[in-house]
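Below are two complexes that have chain A in common, paired first with chain B and then with chain C.
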Partner chain A sequence: MKYLIALAARSAWNRRATLSLVVVSIALSVTLLLGVERLRNDVRESFAQSVSGTDLVVGARGSPLQLMLYTVFHMGEATNNMDWSSVRKLTAHPAVDWVIPLSLGDSHHGYPVLATDQAYFDHFRYGDRQTLRLAQGRRFSAIFDAVLGAEVAEHLGYRLGERITLAHGSGELKLNEHADKPFTVVGILARTGTPVDRTVHIGLAAMEAIHLDWQGGAPIPGMSIPEQYVSRFDLTPKNVTGVLLGLKSRAAVFAMQRYVGNFRDEPLMAVLPGVALAQLWQLLSVGEQALLAVSALVVAVGLAGLVAVVLAGLSERRRELAILRSVGAGPRHVLALLTLEGLALTLTGSALGLILLTGLTLGLAPWLESRYGLYIHAGNLSAEEIKLLAWVIGVGCLASLLPGLRAYRLSLAVGLTPRV
Partner chain B sequence: MSTAPVIALDAVVYAWPGHAPCLDIPGFAMQPGERVFLHGPSGSGKSTLLNLVGGVLTPRSGQARVMGEDLGRLGSSARDRLRADHIGFIFQQFNLIPYLSAIDNVLLPCRFSALRRERTRPDGLHAAAERLLQHLDLEPALWRKAATELSVGQQQRVAAARALIGRPGIVVADEPTSALDEGRQLAFLDLLRKECDSAGAALLFVSHDRRLASHFEREIALAGINRAAATIVDPHAHVRSLPPKGVPVSLEAARRETG
Partner chain C sequence: MHRIIVLIALLATAEVPAADYKVGDKLPARPAAAHAGFREVSWDDLLPKGWDPMQPLKDLRLDKLKDSDPRAIEALEKLRQMWNAAPINTEMNGARIRIAGFMVPLEWKKTEIREFLLVPYFGACIHVPPPPANQIIHVLADQPFKSRDGMDAVWVNGTLETVNSRTDMGDSGYRLKARLVEEYKAPKG
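And now, the complex of A and B:
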């Protein structure tokens, strides 16, 4: 058996030009399959890690998923605002422990700007119920103070004391800048691996202040309020995008949800983050399954290529097989020789695919992180990935039996005297 | 060494499934150390005979014994082992595995036969192979070269060394000289005979070229001993270009000629 392995290896090495193409195609298909699986898992992980300890997300009535995506992940389209008076009433509710108001809409170099208050630093939790930590500086306190997420500071190279201006909306139009009211960076948060890293945080009053001389998404012509005068105005927010609610007891969560749903002043809704995320996975699962099915097909194509190449090579190897037969190899040796070759090609391809996958994740991780806020891990295989890999190798092993069996039959028919 | 025949065919008949018999040999025997020239033009059932002796095929009826073992009573892997242990084959051309060196080609039978490995014991595997290559006039510079880098004549000598390593009882040579030019044919034949003698191996030399027959103790025409081929003797069979010569195909041809 040991000699057969050596023989198979040397035979394969002799045909390396053709076989390396097969190995590459298997490697690419394995990279695709595991890559899709890893992306799928890590995306879920990223989402699930982004918010914890929040019992309810409250906002204007509409799509629960949209509210969740917009307020927590700063993705998708803006929802309707809710009135500040409603926020006050919620805060006063006896079952409520804390309230984090969130106001979105502006941006800085493509990074979303979140206006909130001190409760955000006190009560917001992510991952395994971790609180936000300042890596440098302090929380915002003056009106035009800003606290940056780790990714924003790192990517834009900002330090404490930096003066930055915010853009209205997502910031594609240079015209809509709040250039007259620059902010000062007073704090930089420690990295969290969540959308917080990609967010610029300011106070609710600041959000109000930069929009004093704006109306309907554009500056009011001929009206300009210099920054030193803004404090003369009432900077209490009129409305916010949504709030995160923490309850004194989780048991009250459904009662609270009902209370919000029946709110009399305006149509509101309360969303359980876990339920909204489950809804999201359900929405995505069809796409995920399709993607996984396509990558599985690509693997099948790769393995079919393997079978085709090994089978095609067989007719040129009739003489080789006859020689082996003449020195005493049995048909089962011939079967083993061909099957081992296919298996070795599958294993080499899979190993190469894993290396490629690791290289790709290492190479693309920073880009995915800064561009999409996704955290893709390189290195250790998950149980699911190992299962997929085992499938590929198992199917490869079965597929390799095809040329093996063909050679078996050939060696019985041709015997010691193949055609020259 | 025992005096029982190394090969003994007794009323052996072989037919491919669904075909008329292509081989029908009432009797044929080879003694230990004997050198037999078997004149076998194409279509005389030569391939079938070689596959029978090698234990790849088993007779439809009758008894085929190799080294005293009745092939019909052995399973296929026992026949494979018998072939590995006791028979060395040399073919017409392309005898070597292209991706192995000359010496690794010589050592091939020892990979499949513990007995032949055992018989190289006093020298050791590589020493035995090297000694054979030396005896067959292959210079040491060529030993580690890939089979494909050798000339046809050198390849045939490597094949002879492979057939002889581990001193098998029988060497079967199927047209081993027909790819060589005339001058080298006799030289190769001499070397082969000498080495078979020193190994104590019987030599079954199959050829269509009867000029070589005088170098052998005994000459047998396959057409003469094969009743199924008696009517198909065709002196020009070897010059005619036949269709691709896989076993079944050549048998088809044989059948066509038998009518």
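And now, the complex of A and C:
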């Protein structure tokens, strides 16, 4: 067996040019397959991490998934706002433990601005029921105070005391800047691995204040209320995008959902975050399956290339195999030799693919994180990834049997009687 | 080589597709049996004895009523109220039970669920009106359950607690500390 491995290795080294190409194609296909699997898993993780301990998300009636995506993940846009009086009624409801109002719409250098109140710091949970923690500074208290997510502070290089201006709407254009009312950074949150990191947090009153001269949906020409006089006006919010609800008993969630659904004053909707996530999985699974199927096909193509190269190599190695036979190697040795070669190529390809995957995830992770808020991990293989890898190696091993079997049958008969 | 073939065959059969359920589907009942000290119960066992929300309707003699009869309207309203303030069966407190139902996920960790509501029929809360409070179990599982899409049918083994808080809104309910959550398989035969 030891000689066989040494022989296979030397023989392969002789044909290193072709074989290394095969290894590269297997490596790339393995990278693709495992990359898709990892992306799929980590996207789920990113979403599932983002909300915990919230019983219901309440907002204007529309698509449950859209409400969830907008309020929790800050993706897409809201269909409508809900009135502040409804928030007050929900807060007063006996089954409700806490309410976090959320008001979205503005941005800072493309990062969403979230207006909320102190309940956000008290009750918001992510991951496995972890609370938000301030890495530096304090919560917002004055009107023009802002608390930054970790990613915002790091990417834009902000420190405590920095003066920032917010822009109306999303996007990085500075067209509609609330330049006359700058905010002061008073706190920076610890990293959470959720959309919170990419968010600028301000108070609800501040949201009202910066829109005082925007009564018509756009800045009224010539109207400018100086910063120090904003509190002369009523700064209680008129409406919010949505609220997160915590109940005293989680089993009451259906009853509360129905209460919100039948709300008299305006059409509202309550969504169970877990159920909305389940709907998201169902939606994503179609695309995920298609991607996985395509990458599985690419792996099949890679392995077919392996078989083709080894098979094609058989004719050029006729002499080699015949000599082996003549010095006493049995047909099964020839079979083992070729299968070993195929297996070794698959293994090398897979290993290279893993290295490539790790390199890629390490290289791309910061960009994916800052750009899309997705957290892709490098390193540890998950159980699914190991299963997929086992599949690739298993199928590679089976595929290597093909040239092996062919050589098994032909090695002696053909090799010793060359037709020139 | 044979081993590898067997391995691949095993991997291929590992994912058996589960049955598809339609909205409102219930799981077939099975005669009571003990499973490692957990008594199998049905959803009807969670209703207090003698509680029948259909009573107001049963008392009505529909053939004797006129169209849009106030008594019919009143009976329906009474039924709705009884349904909303559904009492729980306090005798079940501390019972070690095994029960089958559908999952409504509360907390996700990737594809795993540790906290969920167990309800008697499929599609509760999304497509059809939710069940009354005494037909909802808030399950906290020791071990996370790996879910396909969060709407799985499962067996749950655990100790049932009745939570009784007196607010006007169906706050009382069942909580189950689950030792085991497993995929539901239809009874044979």
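Side notes on the structure shown:
By definition in this document, the second predicted complex is superposed on the first by the 407 of 420 C-alpha atoms of A that agree within 3 Å, B and C clash if a C-alpha of one lies under 4 Å from a C-alpha of the other, contacts with A are read in each partner's own complex, and residues count from 1 in each chain.
Going forward, a residue touches a chain if its C-beta (ideal position, glycine included) is under 8 Å from a C-beta of that chain, and two chains touch if they have at least 3 such contacts.
Small disclaimer: the values here were computed from a predicted structure and weren't measured.
Of the two partner chains, chain B is the only one touched by A:Pro331; chain C is not.
In the superposed pair of complexes, A:Ser11 makes contact with chain B only, with no contact to chain C. In the superposition on chain A, contact of A:Arg319 is made with chain B only, not with chain C. Of the two partner chains placed by the overlay, only chain B lies in contact with A:Tyr3; chain C stays clear of it.
In the superposed model, A:Ala142 lies in contact with neither chain B nor chain C.
In the superposition on chain A, no contact is made by A:Leu362 with either chain B or chain C. Touch criterion met: A:Ser285 reaches chain C, while chain B stays clear of it. For chain A, the partner that touches more of its residues is C, with chain B and chain C as the two candidates. Touching of chain A by both chain B and chain C, each in its own complex, is seen for no residue at all.
Contact residues on chain B toward chain A in their complex (touch as defined above): 47, 50-51, 54, 56-57, 76-77, 80-81, 83-85, 89, 91-100, 108-109, 111-113, 162, 174, 244-249. Chain contact summary for the complex, chain C toward chain A: residues 1, 4-5, 7-8, 11, 84, 104-111, 113, 115-117, 124-126, 129-131, 133, 136-138, 147, 149-151, 163, 165, 167-171, 173-175. Residue ranges of chain A in contact with chain C, taken from their complex: 41, 44-45, 47-48, 52-53, 55, 93-95, 128, 248-259, 272-275, 277-279, 281-282, 285, 387, 390-391, 394-395, 397-398, 401. Listing the residues of chain A that touch chain B in their complex gives 3, 7, 10-11, 13-14, 319-320, 322-333, 412-420.
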